[in-house]
Amino acid sequence: MIELRNQTSEEIVKELSSTVKKLSDIHTDDRSLMSLCPEGLPSLQNVKEIMSLLWKLMFPELFFERTAIVSRIEYRIGITTERLFELLQEEIVIGLSCRPKRKEKVVIDNYPEAHDLSMKIISFLPELKRLLYTDINAILRKDPAAGNEVEIILCYPSVKAMLHHRFAHLIFSMNIPYLPRIISELAHSHTGIDIHPGATIGEYFAIDHGTGVVIGETCIIGNNVTLYQGVTLGAKSFRYDGNGTPLNIPRHPIIEDNVTIYSNATILGRITIGHDTVIGGNVWVTESLPAYSRVIQGGIRNDIFSYGAGI
Amino acid sequence: MIELRNQTSEEIVKELSSTVKKLSDIHTDDRSLMSLCPEGLPSLQNVKEIMSLLWKLMFPELFFERTAIVSRIEYRIGITTERLFELLQEEIVIGLSCRPKRKEKVVIDNYPEAHDLSMKIISFLPELKRLLYTDINAILRKDPAAGNEVEIILCYPSVKAMLHHRFAHLIFSMNIPYLPRIISELAHSHTGIDIHPGATIGEYFAIDHGTGVVIGETCIIGNNVTLYQGVTLGAKSFRYDGNGTPLNIPRHPIIEDNVTIYSNATILGRITIGHDTVIGGNVWVTESLPAYSRVIQGGIRNDIFSYGAGI
Amino acid sequence: MIELRNQTSEEIVKELSSTVKKLSDIHTDDRSLMSLCPEGLPSLQNVKEIMSLLWKLMFPELFFERTAIVSRIEYRIGITTERLFELLQEEIVIGLSCRPKRKEKVVIDNYPEAHDLSMKIISFLPELKRLLYTDINAILRKDPAAGNEVEIILCYPSVKAMLHHRFAHLIFSMNIPYLPRIISELAHSHTGIDIHPGATIGEYFAIDHGTGVVIGETCIIGNNVTLYQGVTLGAKSFRYDGNGTPLNIPRHPIIEDNVTIYSNATILGRITIGHDTVIGGNVWVTESLPAYSRVIQGGIRNDIFSYGAGI
Amino acid sequence: MIELRNQTSEEIVKELSSTVKKLSDIHTDDRSLMSLCPEGLPSLQNVKEIMSLLWKLMFPELFFERTAIVSRIEYRIGITTERLFELLQEEIVIGLSCRPKRKEKVVIDNYPEAHDLSMKIISFLPELKRLLYTDINAILRKDPAAGNEVEIILCYPSVKAMLHHRFAHLIFSMNIPYLPRIISELAHSHTGIDIHPGATIGEYFAIDHGTGVVIGETCIIGNNVTLYQGVTLGAKSFRYDGNGTPLNIPRHPIIEDNVTIYSNATILGRITIGHDTVIGGNVWVTESLPAYSRVIQGGIRNDIFSYGAGI
Amino acid sequence: MIELRNQTSEEIVKELSSTVKKLSDIHTDDRSLMSLCPEGLPSLQNVKEIMSLLWKLMFPELFFERTAIVSRIEYRIGITTERLFELLQEEIVIGLSCRPKRKEKVVIDNYPEAHDLSMKIISFLPELKRLLYTDINAILRKDPAAGNEVEIILCYPSVKAMLHHRFAHLIFSMNIPYLPRIISELAHSHTGIDIHPGATIGEYFAIDHGTGVVIGETCIIGNNVTLYQGVTLGAKSFRYDGNGTPLNIPRHPIIEDNVTIYSNATILGRITIGHDTVIGGNVWVTESLPAYSRVIQGGIRNDIFSYGAGI
Amino acid sequence: MIELRNQTSEEIVKELSSTVKKLSDIHTDDRSLMSLCPEGLPSLQNVKEIMSLLWKLMFPELFFERTAIVSRIEYRIGITTERLFELLQEEIVIGLSCRPKRKEKVVIDNYPEAHDLSMKIISFLPELKRLLYTDINAILRKDPAAGNEVEIILCYPSVKAMLHHRFAHLIFSMNIPYLPRIISELAHSHTGIDIHPGATIGEYFAIDHGTGVVIGETCIIGNNVTLYQGVTLGAKSFRYDGNGTPLNIPRHPIIEDNVTIYSNATILGRITIGHDTVIGGNVWVTESLPAYSRVIQGGIRNDIFSYGAGI
């Protein structure tokens, strides 16, 4: 059905090869990516594999194959953990030797450090699992439509967002570059929920629907907080130092325990939302609120700030 | 380029194995996932395969391989249908034996029921195809930028959202657990459109752009309705019974035939939007509207509520 | 663990085959997809491969495998370029012979045309790479949180959106059907950013977070423009010709150089936003603005229109 | 565990590229493989796929996957047959345009011929299946150790040898180059049985053990013949024409019906072994034998020429 | 380069489908393969996987991937053993329900039996490993060219032949059909060594080169025996019972301890070769020999019966 | 169709795990494979990949995919050569650090040596290609049935045997362990031709049919020599030193130029077969022969020693 005869291969090759040459010219560039990271570049493929291993370790009953005989799950978890360790170490070595901001190229042996950090991350996994189950239980308690843990893990983007975030946050707190933000962005791409790995989030956290949620780097969120789709926890503006460099100071909200924020609400700046507060949909907040506040859009009846819940 | 010699394998293994042990401890838990579903757990992998088979059955010319000879498509559709039947039956058996809310564990043979339900789903496929073509035709009629059916199937997230929703809704209406919501969430993840499988949607339905759309469980939507990105059809609040359990009563809007709702509009509660109504962008509606209404944001000229169309 | 004995295979086959027959009935339809494109239909699979090859050609250091020896990158780029050429030519031949709007079926040999167009696309790749690096540099300059080029490529959805857009726009400008919109929708699905391939976008363009951004077909955007999540650059309404067919005339905004538009702002119609303007979050603009304008939501303090930045 | 640092990549690349250049020099050669077959070269990979499809078509119950539901086998056989047709046609086109002995390069359109030949081969398949079942039945009757047809198909190299031979012989008789001998050599490699595709073999043919068997091009073998391992049916010598070119005349034995030849016997030249003859192990025969002969090695007792049977 | 336009697809499909119909006619046959084994047919694919798992379990250091960290081999062996158990059980259930010779179809539940047999096979694996190491050590001692165990496992067909044989013999001795002969034939195909699974072979057994070796079903071979290529240990003839059915009585040689048999020698019938005997190349033996015999071809010098050794 | 319920998983796991433990006990063994090669063990998988790369480099037109456009073959050869270099270096490092016979464990850095050896092997490839074409031309000249080079490469086991041998011999001559014999055995398994990597073989070498051919380590074979199936070039016996260790002295035949040896002939010991000699089938030779000899089996007519040719 397809005929390609009317071309002389020689000519095609000749035409293509000039472009090939130009695209290959990466070593001569003064600031090629290789020159940034001469020891090697982060691997998106590896990070994807890391996250896929993590799902298996967190919920082995769901993500290992459904086998005819119930096997010794320890064998599978063992191999998966070893592979995770290996990949973490590989990516951390490369990350450490290629710190984004470091001007000078330091030739040190990163292996001992990478080994220790990887080991610490692995040791954290049982605690990570415990934290994720608090998030799952929060949904179970708050959403009448949620059947049980199995359904929540499989059907709620919030679980994916938090699995990625809690893992990325740990790695972020270890000052390892690249890895945390790649992990966050993978969750963002799949869920539309964009949480900066620097954000500090308490237990029993839940996001419903989630598309469009943005949570900034210096946010501090307490326990038992619930957000709906489109909520922004953002910064108002930057302060700059004398050189015009933005200062990395706390600039995102503090959300205390038991707060609920309905869809498309916008909370901006280093303000504090007091515990047990409820903020209605589409509300715009730029000042701190005391505990037990109820904030709704002007002119809207009191009973509707919970819209969106339970759908 | 990579050297891993400075570690004693024995030590690594020893360090890792305590974590492996902890993560393997799933059988002893009082409420492990396995204890919820002793017959087996739903498989996300299988559901993904189910949906990929469904695309092929709905649009075989587009999603089977482009073969050199035009083969007997029936052979391929036959094998695909059989595989779909097999996977449906497998997941339905497991779903039925693991109903999220059922307290007691009932040991019954689900196979006859699963077999019948799977057969009914398969029999519905030609009708599903017809419905999807109404959605495609709606876009063809309304969007001047849409070239033909081929382009719409390949380029409009609305088609993916509706293929998932119409299929999930059928399964939801059969009271089969897990499967419908997993299917919905897969569409949500790819399109940013979040339609609860319980929602009832008429023919010739279209969503443009779609990111951020949320449609609640008890919505009833007529024929020939069009939504734009960011539209929410939500609930205002829950009513609770004496025990504080939320009542599962109709709580989302009814949208009658020929209604158009522009981007980021929010429609809340069990209200009725009369037929042939147009609601402008960013509008907030919590009261019923009569037929042929035109609602726009205060202070905005009448001719712009159609923004977003056709881009 | 699973028993399927209680079914007679003969019966199942009989039950299924009526559905198989119905689903196979694609050739008899008066307007089947095959009748639209008798030479063959566009292949989503091929387009996905095209984009995956393009990532490798734009950032070879990051997306070819990390090899033990630093190989002659030219070999890999050569093969990748050839494969890209081959796939482009295949899809363009099919696209040209199946123009969405063409009523009559024209039997001409598209190969010479497809060959020339594919060759032009390939020749554009070095320029495409240069343009993408302007986008990357824009983020590097504007976002204090961005470490270096490597991090930006791997972690910012804006890069994916622009890689897809700039490539799709080139193909769109050649009047090749299907391909541009399929490419755009793939980016939309992954990033929540929906840019019509017809939009004209200058250098040093950046989108932060991005979920929910919509940019219309006839937009013209200058250099050094920045958008945040949820921004809409849309049309107000259509004009129709005498037959009720919408006129494809310029209907989306012109954004001049150095403009910043914060999250969820909506700019509608063929208006011009003058250079060096800043538009605050959630603002709704339907009239042209002079250069150096500052627009913020009524009643909101002047210092907060930058919210969302830097998280 | 592995360190590759002590090499400068630049140098390696430089050292390797001279060899790469030399190995790439295939177009300039006066007699490159491409110059022999400018339309394309036979594909070993395709022939392997052809044979794997043929196994499925001959014994579908054994070589299609064991499915949970007994599916309509016709669907699978249909797709397999179509693929076989497609591959045959592709390889025959190439074979015909690249006849090994043809001096002049003839540019004709081989498609109609290849199409017809492929169709004839496909039409022969039911007869091929019948022939193979005669071979299987021969083993069933003669070998007391053979359980049933299933065991014979799975465990007897004779079946593989004959499936390849009977298929190759058909193609050989159509004067199609390459394909027949590639198919024969694949069987030879797996079984140690080397049958030239030109050999004519009757029904109910069996080879036990088989390693080392060689059957020449002009052999004619009747029905119900049995060979053991190491048997050679060869030529004695060539006759040459005036130019010193060997004459392709009948030069291998004729074996009539119901003959049994025990292991390592050697039968040479255009002689005739009369029907119902038995030739003992290690015997060397260069003269014709009348029907009902019994030939054993000198000095060996009469009862042992059947050695090797039934192990 | 390839054009297929000159064919009408409709016609091709029509021509092919008559053959497809004929080839699909497997259920109506009076003696189809399915009618032999209504519960399912043996799977060659599964047996290949069984053998590949067995190699890993016997020599885990060589056949698991060479990992960067030395992992807990027990994890991998655990999963491999479980999978082996599962496959064995599956194939044994099918084998037992489809005994080749059983006339009547017996509907019994084979699972308990298959479970017990599989478990016994698994328990035998450590002993199998011990036996294989005696064979490896025999080569190490006898062949001056053999470097160490690693080289012998990777380079000597004798190891493959014995791994298959010792495993197949165990299964054969349990009276399980199909599996043993499929396993033997796989080794035969790869090595040219054809050992019937019924043969009894002692420890420290070695075969050099091996092509063409045939060892019959009722052979009994002592410890420390060595064979060279082309050796046949066969039967002379069958005895028949009154119905003309061959009697399955001992009919192959007994080879006592410490015997060496050089290449292409032929030993036939139920004779006994006394211990510590040496038989030269190409010798033909049909009578028993006392211990310590030396047999060489007539007229050949005494020092050359060892030919073939050590190449 | 399959039911596995009658087993308690716990019990199965318990029963299996004792075997798992035993099979995992590889580190404690006094002479485990790991203890032989603490730096790592040779990888059969890697050697298979090495050989598959080599086929591509020797005959790129035949073994790279048949592409729609005739691409720059240099790109593919470049990548293939680099990968070959990488694998060679990896296997040579491991081989050198694990010499089979070395008693003491020497900890030296093998990389410089492995690097140089790998580079030398790569540099030899063009010469290897030239040698293989002499072998192909030999068949072309001698076998009237051989069509052209393409057919010979695809259909003659002799080519595979010589590709493996000539490559293995080079590596053998560099004193690299494991690799040469693994490569030889792979060819033996596929062709039944067993050539020791130590054998020295001249140009224009051909083997017809080949099954059962054995060529010993210290053979020296001139130019233009032809063998048929079953030919053995072996040793007569070993000489031992005072400690009973076999002496590795020349012990296999020298075959001078232009010699032909017909099938199943056996040539033993360090004798010399003079040039232009012909040895008939099944002949047994243990003494040197002068040039131009003709040797046939006693009592056989002069014209038949060429049997086997041309079938």
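As written, the chains take the letters A, B, C, D, E and F, and residue 1 is the first residue of each chain.
Note that a residue touches a chain if its C-beta (ideal position, glycine included) is under 8 Å from a C-beta of that chain, and two chains touch if they have at least 3 such contacts.
All values derive from a computational prediction rather than experimental measurement.
Taking the definition of touch as given, a chain qualifies here only if it contacts chain C and chain E alike; those chains are A, B, D, F. The greatest centre-to-centre gap from chain A, using C-alpha centroids, is found for D. In this entry, B-E is the pair from B-E, A-B or D-E that repeats the interface of C-D, since more than half of their contact pairs coincide by residue number. Two chain pairs, E-F and B-E, are weighed by contacting C-beta pairs, with E-F ahead. Mean C-alpha positions place chain A and chain F at a centre distance of 54 Å.
The centroid of the Cα atoms in chain D and the matching centroid in chain F are 24 Å apart. Annotation for chain E: residues 1-4, 7, 12, 17, 40, 68-69, 71-72, 74, 78, 82, 85, 192, 211-212, 230 touch two or more other chains. Judged by the touch criterion defined above, the protein chains form a pattern that is neither an open path, a ring nor a star, and not fully connected either.
Of all possible chain pairs, those that touch are A-B, A-C, A-E, A-F, B-C, B-D, B-E, C-D, C-F, D-E, D-F, E-F. Within the complex, the chain C residues that touch chain B are 1-4, 6-7, 12, 15-24, 26-27, 31-34, 36-37, 40-44, 68, 98-101, 177-178, 181-182, 184-185, 188-189, 192, 194, 196, 211-212, 214-217, 230, 232-238, 245-246, 248, 251-252, 264, 266, 268-269, 284, 286.
Against chain C, the residues of chain D that register as touching in their complex are 4, 7, 9-10, 12-13, 16-17, 68-72.
Residue ranges of chain C in contact with chain A, taken from their complex: 1, 39-40, 57, 59-63, 66, 73-74, 77-78, 81-82, 85, 89-90, 93, 109, 111-112, 115, 119, 122-123, 125-126, 129, 144-151, 153-157, 190-192, 209, 211-212, 229-230, 263-264, 281-282, 297, 300-301, 303-304, 306-311.
In the complex of the two chains, the chain A residues touching chain E come out as 1-5, 67-69, 71-72, 74-76, 78-79, 82, 85-86.
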